[in-house]
Amino acid sequence: MKYAILVNEGPFNHQASDSAYQFCKHALQKGHEVLRVFFYYDGVLNGTKHSAPQADDRNIVKRWSQLGKDYHLDLAVCVAAGLRRGITEEVVAPGFRITGLGQLVEAGIDADRTIVFGD
Amino acid sequence: MKYAILVNEGPFNHQASDSAYQFCKHALQKGHEVLRVFFYYDGVLNGTKHSAPQADDRNIVKRWSQLGKDYHLDLAVCVAAGLRRGITEEVVAPGFRITGLGQLVEAGIDADRTIVFGD
Amino acid sequence: MSAESDNSAEPKVKRFMYVNRKAPHGTVYALEVLEMVLISAMFEQDVHIAFLDDGVFQVKKGQNPAVLEMKDFSKTYRALEGYGIEKVFIEKESMEERGLSADDLIIPVEVIGREELGALMESMDVVLSA
Amino acid sequence: MSAESDNSAEPKVKRFMYVNRKAPHGTVYALEVLEMVLISAMFEQDVHIAFLDDGVFQVKKGQNPAVLEMKDFSKTYRALEGYGIEKVFIEKESMEERGLSADDLIIPVEVIGREELGALMESMDVVLSA
Amino acid sequence: MLHLVNKSPFERNTLEACLKRAPKGSSILLYEDAVYAALQGTTLSAAMTQAAKTHDIYVLTPDLTARGLDGASILEGVRPVDYDRFVDLTADKGTVQSWL
Amino acid sequence: MLHLVNKSPFERNTLEACLKRAPKGSSILLYEDAVYAALQGTTLSAAMTQAAKTHDIYVLTPDLTARGLDGASILEGVRPVDYDRFVDLTADKGTVQSWL
C-alpha cells in the first residue's frame, strides 16, 4: 500500500504526532510505502530543529528526521501554516522541507490511503 | 487589581492567546496592573520571533511584544516547556524572556487574581 | 472505492471530502481547511465539502470576527463556486440541533440527512478532517 | 478569600488548587501540570491537587507508556508526599462513572464527593487548570 | 467565584463539568466557542434556561458578534457583557476558575 | 471504510459523532484516549456493547497498556489490535476517516 499521512498537531502537546510516527514505522517495517508525511496546522511545529526535550523523554523531532533518513521519507511542512507559527527555513530541522499545501492534495491523489492524525 | 495571566495555548490554533491579549488590553486600559503574563504548555509558541502571518491577519506575537512595551509587561516563557517545543533564546521574540516555572507560582502569590486561558 | 490499481494514462480523479465538524474562530481549523479546499480546486479532483456538528456554524451568516481583531474568512465560502467547487453539503440534523435553518447560511448549500451523509462519506477515496 | 490587602510582613500563604480534568498521554497536560505542582512545593503555599472527570485516569495504577516510547511520569505522583504535598483529592462520582475504585489508584488520595469538591474549589485563592 | 467556560457544549463536556460543581449562586462566563451555549432554539436551550435560574450566567458579546450571533438570539436570563465587564467580573466575584 | 476515533467519549463528542454516521457493518478503531470507551463498568459500557453489535469495533492495545488497562478490563465484543493490525485494517477496509 502507498500511504499519505497528515499530521495536524505539534509534538508533545497532543499524542497525534506520536501516533502518526508509530503508524508510519510499523507500516514501513511491514513493507508498505509512505509517499509523504505532510505537516499542517500546528503539525508544522514538528519541524523545528530547536526542540530539545528532557533526556528521559523521546525526541519527537529527531525521531521523524531519523525515520525520514532511514526510509527516504518526504517530510513536508506547509509553508503558509509554518509562517503563521514561526516554522521557517531558519528553524527547520534536518530532513524536513517547507513546501506548498498542494503537495498534500497530490499525495492524497497518488496514495492508496490518506490517514489524518489530529486532535 | 493585580493580575497574573497564564496562557496555555499557542497563537492561531486556539483562540486562547487572542482572548488573553484582549483581556490584558482591556484590564490595562481600565487601570489595572498585569504583574506577569506566563506562557506555558503550547503557550510558549507565542514567543517565537519567526511568526509571520499573512498581511490581512493579526500578528499575535508582535501584538504581545507591543503590549509588553507599552505597559512594561513581563512576558515570561517557561524554559522547560519551551525546550520541548523549540522556543529557546535563538528564536525568542522581543519583549519576551525565558524563565522558570516558579515565576508562575510567584505571580499567583503576588496577584489578586490569576486567570488561565487555554483549550 | 479508490483507484488503487489504476495504471492507465487517464489523469486520476478521486473523490475528496473535507469534513468540517468544528466551530469557527475558537480554533483555526475552519480557516486552514478553507485554504486547503481552495488549493485542492487546482487539481481537478471531485471535491466535496461537508459541514456537520459544530461545523455548521462556519457558514452562519453575519460573522464579524474583526471585533476581536481576527480574520474574517467567512466571506471566502462565497468564492467556492467560482473555484468550481459545487458539492457543498450541510447536515440537516446538525442544523436543527443548533437552531439553524437554511436562511441563516452565508451560501446556498445542499442540506443532507444524517444517514445520507454517512453513505456519502463511505463513497469517498480521501477524507480530510481537522 | 484572597489576601488582597495583606500588607503585613508575614509571608503570604495562599490556597492553590491544581485541577486535573484530562486523561494522561493523549495530551501533555497531565505531565506538565505535575511539573508545575512539584515546583510550587518550593514556595510553601497551601497546595491542593484535584483529580476529576477524565483526570482520574492520571492516577490509575499500572500505566506503561514506555510501550509507545512515551515518558512514564505516573510514578512521580508517589513523590508528592515527599515534597510535602498531602492535600490530594479525587472525585468519587468521576471514579464511579469510569468504573474505578480506590484500589485502582497508584497513590492513596482522599476521595471527595462532587458537591464537597465544588465547595473546596470555591475556597481557593488561585485555581490553575489545563 | 467566577467560572470561565470557553468550549462549545455540543463538542466538549466543560460547561457540563462546570455546572455540576459550581455551587448555586456562583457566576459563569461563557466566551469563545462556549457562547453557542447561550443560543435560543437549540437542543441545550431548555437546560441552559434552567441553569440560568440557579447561576448567574454571562456571555461575552464580542465572541457572539464574531460568530454572527446577536443579542436577539440569546436565551432570556443570560446576560451579555463586553470585555470591560469581563474584567469587572473577575475583580468583583473573587477567585477565577477556568474549566479547560 | 475504517473510522478512527482518538478522544475520550467522556470529554468529547467524536465517538458519538462517528457512531451516528458510520453505516452498520463499518469498522471503528479506538486509539489514544478513545480506548477508555472500551472499558467495562463505565456509564458508557452499555451503549458501547450495543454499538459493538452493529459495528466492528477495535481498540489499540499499546494505547491501553500505556494507560494501565489490560485485555481483561475491555468490553466483550471489542477486538484488541496492535499497530501491525492497525496498519492491516487501513489496508483492508478501504478509505480511512478520522473523527477529529
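Quick notes on this one:
Per-chain residue numbering starts at 1, and chain names A, B, C, D, E and F are given in the order in which the chains are listed.
Following the convention adopted for this analysis, a residue touches a chain if its C-beta (ideal position, glycine included) is under 8 Å from a C-beta of that chain, and two chains touch if they have at least 3 such contacts.
Quick caveat: nothing in here was measured; it's all calculated off a predicted structure.
Steps from chain B to chain D, taking the shortest chain of touch contacts, total 1. The chains in contact with chain C and with chain E alike are B, F. Centroid distances from chain D, each centroid being the mean of CA atoms, peak for C. Put simply, the chain farthest from chain F by mean CA position is B. Rotation angle for the C-alpha superposition of chain A on chain B: 180 degrees, rounded in steps of 5.
If each chain is reduced to the centroid of its CA atoms, chain E and chain F end up 33 Å from each other. Chain C and chain F, compared by their mean Cα positions, are separated by 26 Å.
Counting only residues that touch two or more partner chains, chain E has 6-7, 10-11, 13, 32-33, 62, 95-96, 98, 100.
In chain A, the residues that reach two or more other chains under the touch definition are 8, 12-13, 15, 22, 41, 54, 57, 80, 84, 112-114, 116, 118. Of all residues in chain C, those that touch two or more other chains are 2, 22, 25-28, 53, 68, 70, 126-127, 129-130. Of all possible chain pairings, those that touch are A-B, A-C, A-D, A-F, B-C, B-D, B-E, C-E, C-F, D-E, D-F, E-F.
The touching residues of chain E, when paired with chain C in their complex, are 6-8, 10-11, 32-33, 36, 39-43, 45, 62-63, 65-70. The touching residues of chain C, when paired with chain F in their complex, are 1-2, 19, 21-22, 52-53, 114-115, 117-119, 121-122, 124-127, 129-130. Listed in rising order, the residues of chain E touching chain F in the complex are 10-13. Listed in rising order, the residues of chain D touching chain A in the complex are 25-28, 68-71.
In the complex of the two chains, the chain B residues touching chain E come out as 1, 3, 8, 15-16, 19, 22-23, 25-27, 30, 32, 112-119.
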